[in-house]
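Read through the structures below before going on.
Below, chain A partners chain B and then partners chain C, in two separate complexes.
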Partner chain A sequence: MLRFVLRRVGISLLVMLGASALLFWLVTVSGDALADLRESNAENRQTLMNSRIRTMGLDEPWWSRYLSWLGGVARCFTLDCRLGVTRNGVDVQQLMGNAAVTTLRLVVLATLLAIVVGVAVGILTALRQYSGFDYTVTFLAFLFFSLPVFWAAVLLKEFGAIRFNDWLADPLISPLVTVLLAVVLAFVLQSIVGGGPRRRLTTGGIAFVWIAVSLVVFEETGTFRDPSFGVVPLAIAGAGAAVLTTTLVTGLGHRRVLYAALTTVALVVVGSLALGGVVDDPGHAVVLVGLYALAVVTALVVGWAWGGSSRRQAMAVSAVTATLVCLLVLMSKVAEYWGSYLVLQPRPISTIGASTPGFAGTFWEDFIDKGTQLVLPTILLMLISVASYSRYTRSSMLEVLEQDYVRTARSKGLSERTVVTRHAFRNALIPITTIVAFDFAGLIGGAVITEQVFGWKGMGELFQTGLNQTDPIPVMAFFLVTGSAAILMNLLADIAYASLDPRIRR
Partner chain B sequence: MPDPTQPGDEYAPQPTDSGISPVPGHVMPEVTPGRTEDRSYSQGQLVRRRFFRHVGAMVSLAVLLLVVLVSFTSIGFGPVPGWWDKDFARAADLVDGGRPTLQLFPFALGEHPFGQDNAGKDYFALVMRGTQISLTIAFVVGIVSTALGTLVGALAGYYRGWVESVLMRLTDLFIVIPLLVLAAVLGRIAGGGGPVMLALVLGLVTWTGLARLVRGEVLSLRERDFVTAARAGGTGAVRTVVKHILPNAVGVIIVSGTLAIASAILLETALSFLGFGVQPPDVSLGSLISTYQSAFTTRPWLFWWPGLVILTIALSVNFVGDGLRDAFDPRQNRSKS
Partner chain C sequence: MRITNTAAPIALLAGGALLLSACSGGTEEVTETESAGASDVCTTSARDDSVVAAQEGAPVTPEVFPEGGGTGKEALEISSTADDEIFYSVGQDEWSGYNGAIPENYDVYTSVVNARTASGFIYYGTDGEVHVDPEFGSVEKIADDPLTVRYTINDAAVWSDGTPLDYDDMVLDWAITTYTGGNLNYADHPECHLFNSVSGSYGEYAPNGPEGEIGGKEFVVTFKEPYADWKLLVGGLGQWYPAHVVAEQIGLSADELTQAILDEDFEVIAEAADFFNTGWANPAPGELPDESLIPVAGPYKFGTWVAGQSITLEANENYWGTPAATQRLTFRFAEPSTHVQALANGDLDVIEPQPTVDTLTQLEGVANASILTGDTLTWEHLDLNHRDGPFAESMELREAFAMCVPRQQIVDNLVKPINPEAVVMNAREVFPFQENYDEVVSESYDGRYDEVDLDGARAKIAESGVATPIDVRIGYVAGNTRRADEVALIKSSCDQAGFNITDVSSATYMDEGGERSLGDYEVSLFAWAGSGQVASGANIYVTDNPQNWNWYSNEDVDAAWKTLESSVDPEVHLEQTKIIEKGLWDDLHGIPLFAHPGLVGADSSIQNVRKTATQNQVVWNAEQWVR
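Presenting the complex of A and B:
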């Protein structure tokens, strides 16, 4: 396994070396680095030109500039990176630090969400093939494929941000909209749940009433401006998450697994109350990650203790449940501080920039601020990936469901849930890992456009100004970050591939 | 993508009769030559039939042809004049603040169906000009990248050995640089040379996916018996590939080629939006959106039309590609009851 991974990394590094030389050369020949100075009327024109020629090394051939850049990068192995200076003499590393974090935060978040949503939707459409839900999702997927990102971005800005902010100032839902929303959601739900006409009608009816009533209640109680909820709903939702995870992974028949998951929920909820002070003001995001790790470790111990004969499953289910409950706690915190955030920032969804300039609030208000800036770009980046992932998952799931071993599993009397989650799902995921890794480079391309539209100072900006000024150094910095991210992504995909398909572990 | 390890059994004859009839005295229906079940079809005919019966693909094809027809006949192309009398470069007086005069009920184009921009240029003519250029680029990119991808994939798959290693590492090299970045750099070099030059250069970077697919197909096809037979009969390498292997991979090639056109139109418009694609005075659908995006609140139609046209073209090309995929590889639809 280790040799396999090392070989893959080695090949990727060689390919990146070649690609970096190619990109460096292309950027240097793409234009004239002195173009703006040649046209200027400044008196010290010649001095400026000379100094730029010196900074950028324009009197040397491109390969010698490339080699000196490569020499600087090679020093990264001794933890002393020299990525070069831009044509104005600014150190690229300074420019890069924040930009890389901003871009990667966006791309990674979009990828993760796209995988979860895309795979879930793909599986559901495969299981409900040729239903109304399937056709709708198929059409939407094609629509999202064909959407010009920059055009959709402007639309999202108008309708997702400006109109939403207007609405949030005085959140009223007209009866017509309430009914429409409820009808649409009820239709989708009954289509997913499926079954005979009677069951569909019941599902749809219950969903319709439930959604319509909660929308009215939300409006009456002002939930849209202050959605905070107490510990009881948190515990109920947590228990729901535990039951759901157990049903999906092992089935409710495994009592020990269910009890392990429920114990985990209780422990995490109690823990979040006991450590209330820390959760309220953790000071730094690292503390939150630490708390999450603590929750997972607790879950693993609980699973181990309850497990008995199904110890491995109990531990896995508890860990997943702990993650879900932690997300719920996070949500409850965001909901709690949403009201006070709205006081500081009356128009929450922003259309420009990665954070509100000069924003000063508590930890959670700051968290919400960063989050609301991320909402629109993430949705935008997600849409396209979700479309392709759901299509690929659907077709690979359909193909797997036709295999002989699935028929065998059905014929020996396993429940449909077991067949889908244990026999089909895992094998259907194998092609997806490749697609996700392959798609990552495309997502970065999408991020360049998204950042441009939303006015973020990210890697895309670095790349664009670099290219416009025929300055290879910032472009190479961009490539270094995105290329390494892509290699890492491919590596993760390889590892996932190997763990899903034992045949390739050689 | 069809699994190369599975034998292509999708064209295997299906029994149309279940054998023993439960009804006593059952008489076999008389065979009439015009009935579809009894005639034999060539593979090409089967594919064509499946494609022409795909409603979504047919509607999309009609829409696409309509867009092509309208864009090329309305303002004319090159020296050929069109039926639309306004010039996309000439400014005129603003009529009604430049609002679109297009009416659906009753249908009427009016003076400026898509409105006017802030300088008074007729926006219909501008959008049609942009559509022409974007379509031209998309089709040229599709053809160039399909040809290149097929060539590289076939060479790598057929010759194996060091040829394959070199070509596939070259493909990896192009894949590791994000496509938009590579295209932007090349677009900046070629942008001054006009749209066709830009299209050729974009074709040079978008062939990688197809090359991988074709290589996979060729790798599995070259092990088949008919290829061995051809080679045993003394057929040369070029003839084997062109006459025996590629015709069997034509489904993959055509489908990917179609989808390449759809992604090319999105790539070109994105590049033009960023300013690395089509350069003024030429306009493309992307550069129109880029120019007028700030006008969304004051003159929203300047923003809506080009975007809707891009969406229409990309969507219909994608649907046509999907129909072709279903036609060439009907395995996915087999479980439809």
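Presenting the complex of A and C:
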């Protein structure tokens, strides 16, 4: 295995070296680095040109500039990288640091959400193959996949930001809209749940009433502007999460697992109350991560204690439940501070930027501010990824479901839940893992347009500005990061693939 | 380029940074020899003994500066600063740093921000006219020959750290623009290029520097020759640099630094230059230098900077003039195409987007936006190739072409939808919205190309004896829709007269070695950005000058530019401009088309937003904005 890895890395580095020379050359010949100054009739034009020629080394041939860049990169082996300066003399390493952080913030959440939603939708469509739901999702997936990003962004800003903010100033929902929303959602829900006409009608009916009543109640109680909820709804939602997780993983028949999950919910909810002060003002996000780790450890202990014969499942279910409840606690905090945040920032969803300039609030208000700025770009990135993930998952799942061993599992009397979650799902995930790894590497460099239309300065912007200015240094910095990410992810995918699928092990 | 800066075209600045060490003196033998030599050379070239003080009672033509109001800043009753924040965006590029006068930082994204933290003797009104800022001080011409000017700084003027702004800072300002590559007096002496500065004109034209009392508020500048744009020289860097900070960094007091500069102590000057060149660099993007290092002398000071996001200016509580109307002014770094929606959502309060019909329509859809349109100081024109091709050989063909170009139609179809006031431009050195325009046009151009005259064009072509169709290539930088439309309109008209117009746009058109520099065109379509200077056009129209891109030559025009450049009398400027314009029309150097339209959108709750034609952008009076 080690030899395999080393060989892969070695080859990849050689490819990087060749590609870097090619890219450097391509950037230098892509245009004229002095173009913007030539059309200027400022009298100090010549001074500016000379200064730029000096900074960028334009009087040298491209290979000489490339070699000096390569020399700077080679110093990385002595932990003293010199990646050069941009044409304005700014150290590109610091630019790259900022850009990488920005891009990761933008991409990580979108990727995680896209995986969860995409895989879930993919499996649901596979299970409801050729249903109305399946056809609708297929249609939407192709629609989203082919959306021009900049155009979708303009629409998102118009409806998701400008009109939403206008509406939020005085959140009223007319009766007609209430009914329409409820009808649409109820229709979607019944098509997902499926079953016979009677069951569909019941599902749809209940959903319709539930949604319509909720909307009216929300509006009457001003929930849209102050959605805070107390500990009782939190506990109920937590219990729901515990039941759901248990159902999916082991089935409710395993009482010990269910009890472990419920105990975890109780402990986490009580814990969040006991540590209320810390949760209210953790000071730094690291504290929150610590609290989360504490919750997971507690859950593992609870699962171990309750587990008995199904100890492993109990621990896994408890840990997943703890994660879900922690997310619920996070939501409850966001809901609690939403009202005070709106006072500071009356138009929460913004169309540009990664944070409101000069925003000063408590920890959670700050958290919400950073979050609201992420909403639109995340949705945009998600739409495209979800479309492809759901398609891949669907076909992979369908293929697995037709395998002989699945038929065997069914015929020996296993429940449909066990067949789907234990036997089919895991195997269906193998190809998805590879795709996700590639995709993540691609997204780091590929969010160029999203970054641009939302005014984020990430890796894409670094690349684009460099290219527009015919300045190879920032482009090469971009290349180093995305190239390394691609190699790393490629490698991880290969290793994961080899260890997941015995057939390709050698 | 930016209009608040001026500098002469200069020779090579090669290796300026490297040579700094040579001048600062060192332990090595070689360096010391060089250092000594440098001092000699720089000293003799800097001071010019032929410049003598004006005689008592020397003749003076009084310089009349326009009153405030009109195209200048309105005198508004602003007595307090509202605790509020206004958002603006220049574009997506990051702000570069406190020192906007080193070439690496010299771009519009930086200078527009820094200009709000600065004030000076002069500023540009909305039409590019030079106004005096009475809150900063006064400018008084005391002799015509040699041109001698007395500057007085407001007694109350202080830096934001409380240190008085005085003669010391003026001497530093002069030194920065003297011991630098842009100073033609040192063209052959790179060892004198101590300061890495964008401009060297002040030192070139006033080699003896400002004369005054150390620590005083008044000084006199004597220029070595009358220079048309003298008003732009003092403070031409766009911001003052704090002599007390520079002096402290090299272990001196401000007065000692000033004395050293006046004494031509090149070791001290080189140390000061070293700090100027590197000392104000940002520690990292998003991190400003220590506050004590970056005092300002204007209505706003630097507040917080978030890398990749925004820079916020805070009202300067030590500003002596009318206080800023709003506490915080934030420049967000956002791509121009996002600005209209950002305005609609309140993420930006004032925007100056790309002036296109689409943007205007979009802006009109924003409920609470007020829209301002008008001209800018950038003008579109057709330059005819005077070196080779049909137009170089035949005056008749030039006339025929001018007769068939549908200028009115171009303006009606392509410009008026954005700026309803737009007109065909009939001059090059004055804009239709400027005071002297009608007078200059009426004496230089008789209106003969106002209307399309196809018959006339055909007759002229017949007269030239050239067989039709005559191939005419119109070149411009590809990717500009409006220019493509202009060429299409010209083609549909001129092809009827006997030309065969082809659109030879290319992405590399303006590059060195591109079609424009090779002369692979008959007609060149592009725009010049007006510089706000009186004499900058000489670069374009005088025989063999660096920006005379269509090889035009006319002795009368050359002579008129010479007279204009060496005069400080606005009357002379006007007369020579008439001669120049007439020459350019009579030879058909090219055909002016229109001034580019400008577009501003503002949240209607913001008061005192005024559009300007200059490149200072609509923020030029941001200190008066208030909600």
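Going forward, the second predicted complex is superposed on the first by the 433 of 506 C-alpha atoms of A that agree within 3 Å, B and C clash if a C-alpha of one lies under 4 Å from a C-alpha of the other, contacts with A are read in each partner's own complex, and residues count from 1 in each chain.
Convention: contacts are C-beta pairs under 8 Å (C-beta built on N, C-alpha and C of every residue); 3 or more make two chains touch, one makes a residue touch a chain.
In this text, all values refer to a predicted model and were calculated from it rather than measured experimentally.
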item	value
First, second, both or neither for A:V29, with chain B first and chain C second	first
Which of chain B and chain C A:S214 touches, first, second, both or neither	neither
Partner chain(s) touched by A:Q403 [first = chain B, second = chain C, both, neither]	neither
Chain B versus chain C as contact partner of A:V149, first or second or both or neither	first
Touched partner set for A:S68, first chain B, second chain C, both or neither	neither
Partner chain in contact with A:E158 - chain B first, chain C second, else both or neither	both
A:Q452 touches, of chain B and chain C: first, second, both or neither?	both
Touched partner set for A:N88, first chain B, second chain C, both or neither	second
Touched partner set for A:M16, first chain B, second chain C, both or neither	first
Residues of chain A that lie at the interface with chain B and also at the interface with chain C	31, 154, 158, 452
Chain A-touching residues of chain C, taken from the complex the two chains share	1-2, 5-17, 85, 87, 92-94, 96, 102-107, 181-182, 196-201, 281, 284-286, 303-304, 306-310, 312, 328, 330, 332-335, 337-338, 341-342, 344-348, 507-508, 510-512, 514, 526, 528-529, 531, 533, 536, 539-540, 546-547
Residue ranges of chain A touching chain B (in the complex, touch as defined)	11-12, 14-16, 18-19, 22-23, 26-27, 29-31, 129-130, 142-143, 145-151, 154, 158, 395, 398-399, 402, 438, 441-442, 444-446, 448-449, 452, 463-464, 467-468, 475, 478-479, 482-483, 486-487
Residues on chain B engaged by chain A in the complex (per definition of touch)	3, 169, 172-182, 184-186, 188-189, 262, 266, 269-270, 273-276, 286, 289-290, 293, 296, 303, 306-307, 310-311, 314-315, 317-319, 322, 332, 334-336
Residues of chain A defined as touching chain C within the complex	31-32, 34-35, 38-48, 50-52, 54-55, 87-91, 94-95, 98-99, 102, 154, 157-158, 161-162, 165, 347, 349-355, 357-358, 452-457, 461, 465
